[in-house]
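Listed next: structures, encoded as structure tokens.
What follows is a pair of complexes built around subunit A, which joins subunit B in one and subunit C in the other.
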Partner chain A sequence: MKHLIVVLCTTLLSSICLALTPEQRGLEIAIEVDRQDIGFGDSQSNIVMILKDKYGNERTRQMRNRTLEQSDDGDKSMIIFDSPGDVKGTAFLSFTHRAADDDQWLFLPALKRVKKISSSNKAGAFMSSEFAFEDIASQEVDKYSYTFLRDDKYQNTPVLINQLQPKDPASGYSKLEVWVDAKRYIPLKIDFYNRGGKLKKTLELSDYSQYLNKFWRAGNWTMVNHITGKSTVLKMQDWQFRNGFDDQDFNKNSLSRAK
Partner chain B sequence: MNNRFVKIVSPLLILSATNIVSHAVFAGEALGYIGAEALAFLEDPLFPRQSDASISLTSQLEYFHDFDDSNQRFAITLFGRADSQDDERTHADIRELYWWRNFHSFEAYAGIRKVFWGVTESAHLVDIINQDDSLESVDREEKLGQPMLQLIKVSDWGTWELFSLFGFREQAFPGEQGRLRAGLPIDEDAIYESSDEREHIDFAARWSHYFDVVDIAVSYFTGTSRDPIFLPQYSGGVPTSLLPFYSQIDRVGLTTQITLGSWLAKLEATTTRERFAQTSQAAVVGFEYTLFGIGGGESDLGLLMEYQYDDLKGPRQVLSQNDVVGGIRWALNDIDGSQLLFLASHDLDYNHQFYSLEYSRRIFENWKFELEAAAFTADDPTSLDFSLRSDDYLRFEFKRYF
Partner chain C sequence: MDANAGNLSLTERYAHFVTSRPWLTIAIALAVSLSMMSGMQRFAFDQDYRVFFSEENPHLSAFERQQKIYTKNDNVLFVIVPNNGEVFNKQTLAAVEEATEQAWQLPYVLRVDSVTNFQYSHADGDELIVEPLVSGAEQYSAETLKTKQSIALTEPNLRGQLISEDAEITALNIVFEMPQVQPEKELPELVGAVRELQSKLEASYPVTVKLTGVVMLSNAFFEASMKDQQTLVPAMYAVILLVIAILLRSATATLATLLVVFLSMLSALGSFFWLGGKLSPPSFSASTIITTLAVADSIHILVTLFEGMRRGMSKVDAMRRSLVINIAPVFLTSLTTAIGFLSMNLSDTPPFNDLGNITAWGVVVALFLSMTLLPALITILPVKASKKRNRVSHAMDAIANFIIAKRTPVLIAMVVFSIVAVSGIKLNSFDDNFVGYFDTSIQFRNDTDFANDNLTGIYQIQYSLESGEDYGVSDPVFLAKVDRFVEWFRSQPEITHVNSFTDTFKRINKNMYGDDNSYYRLPEDKALAAQYLLLYEMSLPEGLDLNNQMDIGKSSTQIIVTVTNTTSKHIAEIEQRGRDWLLHNTGMSSYGVGPAVMFAHISDTNMRSMFISSLVAILVISLIIMLVLRSVRLGVISLVPNLLPIAAAFGAWGYLVAEVNVGVSMVTGMALGIVVDDTVHFLSKYQRARIEQKLTAEAAIRYAFSSVGVALVVTTIVLMAGFMILAQSSFGMNSGMSQLTSVAIIFALIIDFLLLPILLLWLDKKDYAIAAITRANS
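Coming up: the complex of A and B.
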């Protein structure tokens, strides 16, 4: 009998054995997802963004992303826009914080102006895409409260479905449902519910590759807006890690000469 | 061949040549645009020889090259405009031509640059490094390149910058055919307080930092004022022209922005001592508020309100001496980046208004057009903008980026 319990404990959900509440189990999953990414140091990638409207029109944007991990706070990142032509040279600097509002600055090359922008833009569209600023920001455990929903399968992969509720009232979402790969602890799919509780968008993350034998990065992010019929695909290419970035590469001064 | 035709066509030829060169030699590091602008004035001109409409061609070409493991950069930006009506508005400028080097403990720029200081939208009081390109914009956002040596030190206590500014750039003004100008012609040969005239070397220093939600900067400038005082020149007791006089000033500037959620609160203030005259104060204070995803939809609405104050009087008085400016920006967040911008300003002393409505969007990836309608109401003959009262205009601009 004892043996059976041990078997059950190792095969069934730890939440049953340890008597975790769905909230505790949800937090545990979020912490594990976050832990998978600790120690990546810095990274850079090229991004191709494909916007599609409901009429089938398609536009392509290009940008570059650089990220610097912070051990005691959210990541610092810079995005430099290479197209379309009228925004080429525009650069976006963000310091994500674990609990407080993020700091964000924009460099406008025509005026050579660095402008601090509203930290409440998280619900706003990033570059007129279906991605909101909060969808592309570095994900911090403290920004949500969690409820574990169920085990499931997604494209033949065992997944843990976790519900996230943003703590910030400025978030555009009432909740997110995240399909987390049960083995690799990486998100495969996210359903976004708007403030009215209606399913607004679905993000599918695919073409994962592993770097430095540890860190998983999705090569393809497809966001579909169910309300407007528009969609955006982000193709993240040419990932490079350990570039030797430091804080001097992520400040207002370096933003002002980003090219 | 018609002289005007040559003026328009030759920059175009240069442009297409440079375009070819840029693709061949500087792959990936050259950028720029060519543009066409049509300007139509809705009322008859006030002054003889002024035009009713004009067409002009513009181009900006930019090239940069990073080397030494990205610790050094060479950059050049050229701008030019050919105008069908106003010979003065046909002009070109080196906006940038500099070398930058990262010495790790500090950074240095040497050459011609553009530097922007400020946080407010309706006026740029603190911004003083570069001279206005008054032929390009009434909002004083277009600037002429300024030769300089700039040193930058980034520390835990903020960013410190020192500037030596070599060679003064005079403001350029529309010619007789041009609209949006003063009634009297402006003399070509400006006069200076400093005997060094255009050779006077100006100095500036700036400290900027941010604490939590506060971004702050304090700046100091000593040298030739960017804003001339216009001295009326008389002939037989009748004023016939205006002579620009550039005095020596010392200016301390402060900029602050507090970013709280959707609110941006902004302040720019300056105190300026003119060596042989008075000390004056100016300020712009205001806010910006943005509603994201209005009506549960995709578009963003930005609201802006600013108050402008300047205590200069007499021949030194400025347009933004006691004015309120409001603005609404509606970004549709559609696939082509459509945007509507409405601006209105009200002068509390003269009861004058200025309105502007602008629509812009992209066409495909690299074409962009802008349509603007602007109107002035100015009926007080003692005001500075009285000469603009018949200059309501429609402007259409088309740009191709490459």
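Coming up: the complex of A and C.
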């Protein structure tokens, strides 16, 4: 009998177990989303960033991204800029942490020096795009508290809408609403609410592909700022996994060697 | 004469219909005006200061182009005045921190800049620290406060902009992006929230807050208009009530007139809203102007009515006679008045197009109601004529006798007066400072004057300098040019502040060399500068991006020059001087833009277009007069009393005020349409006497004085009163326009009474006399 309840609770976790509060349910979803990505090891991809304003002005930037999974902390990642020409070779290194502020460095090839970037600007814009540093950092379960809102459909796909409230007061947001694919447990859309509680930005993730038969990666990230009318599209292409990266590839010394 | 007889019979038939079917007439009149009035429920007010500029305005389009490249400048300057006169003490800084934090929660906010969140960069070992200048001030020691003060006062981005040079006053610059979806709700919501923050801050800290900036300017336009509507319009009705009651001494006639006036105003505004119009301060004054103009028609009809009744005619007969006599001149004066106002359509300032059109339509509606509702109401309501003949009537005879007797000295006096008055025109100069538009009863004016006097200028000129390539802003050659331009501007006497990214570049360069002051200079390598820029940008917190100083491609940079409180002419001159210097010394061309520059040119642009439209109006009105009077001679003579009052009024303005704003420049067309009425009434009565009664010029002048003299004096009093009331407007475009118009109206009466008769005696003597003799002989 006891066995039966456990089975019921685990298999019909999402809809039947009435004992779960919205907070517990929200946390369960976040954990499940996080679990989907455990074990990818490392990855790299090419990124094309397209900056647009509401008047049709548009600029393109090119960069490459390398990420190394950490089992006991947030991921380490490096972004190397390829264009525009004047910043070619500039490289950005970040260590995401589960609880503490992230560490960030920038290598300036013209100065041949590595400079640390203040860690208090997580809400600041990454490369004058509509993405804040906290939007592109690896998402850690501990950084938010959760409330499950409702089941819904998004572009004909059943979704679970989960509300995230950042624990860090330095975050630029009062809350996030995440549309999570109910089957694949990947985010399809995120609404970001500013500290005044107004909808500020919307991120849509599309062109998902599955790698290594397990890990889903979105090929297209479109962030729209509803206040300024500006938007940024990140096109992430040529995903490669299991590149054999290690911690030596993600430190201040490796920054200046990154090409 | 035959054609006239045909017309008369038509008007007689009409007069008969109106007085025999009064209920039907009232029903039709009310149905027509109520259908127009129902548009009032679509009431809308345009609060954006840009409404003063047409879409083709070159200064506006240049400004809009620049607003699409850089962060907009729709701002509130939130000026914080510490009661103890010290910005750098714990309490004041805590207030600034609190205000900065709270300001980010305001609706539509885009960015907030203050001395506390100023992104102060400095070196710490290998780290570039970019952090708020002040954070947690309540824990600061006296020494820290001192350090922060000296940093703020040496920072070119802050000093003279967000912190006064004596460190006694500081300000937040809050920038908004208005969605413009429901503009009539967005601005009040925003201003309400800003004021709430103001009172909260004043309640919690020993500080006083003053509010200025472009958002508050737009709001002031709205508040000034609303204030005017609440004070001026009731005053206007009180005056009309008084004048008519005294003149007519009849409660019902007064009531009927008020109804005509009220319905005319609401019908004209209602029609405007039906067509999707939005009011603005100048066009809102149409309500007062229509009220004033609409009275005139009723007065002419009622004066003739009571004159007939005093002679012993029945009420209905007297009304029929009055309609027959007045239809033609009232129609004609309404037409010319409408044409005068329609001439405002050539103005480059859309609110004046609206003002002209609404008023012209109001005049037409007033004509319609005076010909339908008024006689029908008089027919069914009990009306009694007072027995006494007005004292003014006796005065009219005296004036006529005086002029005829002393024609030569009066003519000389009038010629001298005209020459002296008109020669004052050249003393006028344009001035359109948008702050000066508001009088001191408007808080915006006081707060802005305070900021201007104690912190920073409110007038800004924005130059966009283009390098021609992406990331060109980091090109050392380009940067050197920008720097020279900035330094040159800083050496100009009228400049309080110049905002430029070159200062930040110099500071970062210094930071990169361990804060060594000898490196406070522009980076000399393009790639290095570009990478500094990237590093700095990556270090900035949310909202404080560089888009207010650079375009998204980093190919151009914006220099914002703040000018001391000065005349609009001077602002235009400074803009030109900057543009010329830039071209001659760097080869770059850039056009300084901004609200101050737009307003600096508004009168100039309008005066030019108004000159043409006034000429057209004069031509059309003179042609109509010639056509109706069937006399080229009288048409030509009428030019003198039509044009001279306006020229003399502008001259008097030159002696008394000398500053012409865009409202004043509108006066030509509208005053023309109004003053011409006096001439039309006088000439039509004069001509009727000479032709129908075969009187001499002298006798015809006496006749004209006795028949329309009173009505002209009364309408002039009403018009003067109306425009003098509007002259009390807290909004300078309206008050200036009204003051000058009332001067033109009084001059018109003087010239019609003192100069026109003498011109007629002099120039119109022969023909009629010979014609009369010839006719007598035959």
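Please note the rule applied: the second predicted complex is superposed on the first by the 242 of 259 C-alpha atoms of A that agree within 3 Å, B and C clash if a C-alpha of one lies under 4 Å from a C-alpha of the other, contacts with A are read in each partner's own complex, and residues count from 1 in each chain.
As a convention for this text, a residue touches a chain if its C-beta (ideal position, glycine included) is under 8 Å from a C-beta of that chain, and two chains touch if they have at least 3 such contacts.
None of the values given here were measured: they were computed from a predicted structure.
Visitor: Would you mind checking whether subunit B and subunit C clash or fit side by side on subunit A after the superposition?
Guide: Pair status: clash.
Visitor: With both complexes overlaid on chain A, does A:Leu20 touch subunit B (first), subunit C (second), both or neither?
Guide: A:Leu20 contacts neither subunit B nor subunit C.
Visitor: May I ask you to decide whether A:Val224 touches subunit B, subunit C, both, or neither, giving the answer as first, second, both or neither?
Guide: Neither subunit B nor subunit C is touched by A:Val224.
Visitor: Quick one: is A:Ala182 in contact with subunit B, with subunit C, with both, or with neither? Answer first, second, both or neither.
Guide: After superposing on A, A:Ala182 lies clear of both subunit B and subunit C.
Visitor: Tell me the contact category for A:Leu149 with respect to subunit B and subunit C: first, second, both or neither.
Guide: Neither partner.
Visitor: Is A:Gly196 touching the first partner subunit B, the second partner subunit C, both, or neither of them?
Guide: Both subunit B and subunit C are touched by A:Gly196.
Visitor: Return first, second, both or neither, reflecting whether A:Asn57 touches subunit B, subunit C, both chains, or no partner chain.
Guide: Both subunit B and subunit C are touched by A:Asn57.
Visitor: Return first, second, both or neither, reflecting whether A:Ser120 touches subunit B, subunit C, both chains, or no partner chain.
Guide: In the superposition, A:Ser120 touches subunit B and subunit C alike.
Visitor: Should A:Thr90 be classified as contacting the first partner (subunit B), the second (subunit C), both, or neither?
Guide: Once the two structures are laid over each other on A, A:Thr90 reaches subunit C alone.
Visitor: Based on the superposed arrangement, let me know which partner A:Arg257 touches: subunit B (first), subunit C (second), both, or neither?
Guide: The first partner, subunit B, only.
Visitor: Between 81-89, 117-125 or 225-233, which subunit B stretch has C-alpha clashes with subunit C?
Guide: Given the superposition on chain A, subunit B and subunit C clash at 117-125.
Visitor: Identify the residues of subunit A that lie in both the subunit B contact region and the subunit C contact region.
Guide: Common interface on subunit A, subunit B vs subunit C: 51, 53, 57, 59, 84-86, 111, 113-118, 120-121, 123-125, 128, 172, 194-196, 228.
Visitor: In their shared complex, at which residues does subunit A touch subunit C?
Guide: Contacts found on subunit A: 51, 53, 55, 57, 59, 81, 84-87, 90, 92, 104, 106, 108-111, 113-118, 120-121, 123-128, 132, 172, 194-196, 198, 227-229.
Visitor: Applying the document's contact rule, which stretches of subunit C touch subunit A when the two form their complex?
Guide: 68-69, 104-110, 126-131, 177, 470-471, 474, 512, 525-532, 534-535, 537-542, 544-547, 551-553
Visitor: For subunit A, which residues are in contact with subunit B within the complex?
Guide: So the residues of subunit A touching subunit B come out as 51-53, 57, 59-60, 83-86, 88-89, 101, 103, 111-121, 123-125, 128, 170, 172, 194-196, 228, 230, 248, 251-253, 257, 259.
Visitor: Which stretch or stretches of subunit B touch subunit A in the complex?
Guide: 31, 33, 64, 66, 73, 100, 107, 114-116, 118-119, 141, 152, 154, 159, 208, 210, 213, 215, 257, 259, 261-264, 288, 290, 292-293, 296, 298, 300, 331, 333-337, 362, 364-366, 368, 399-402
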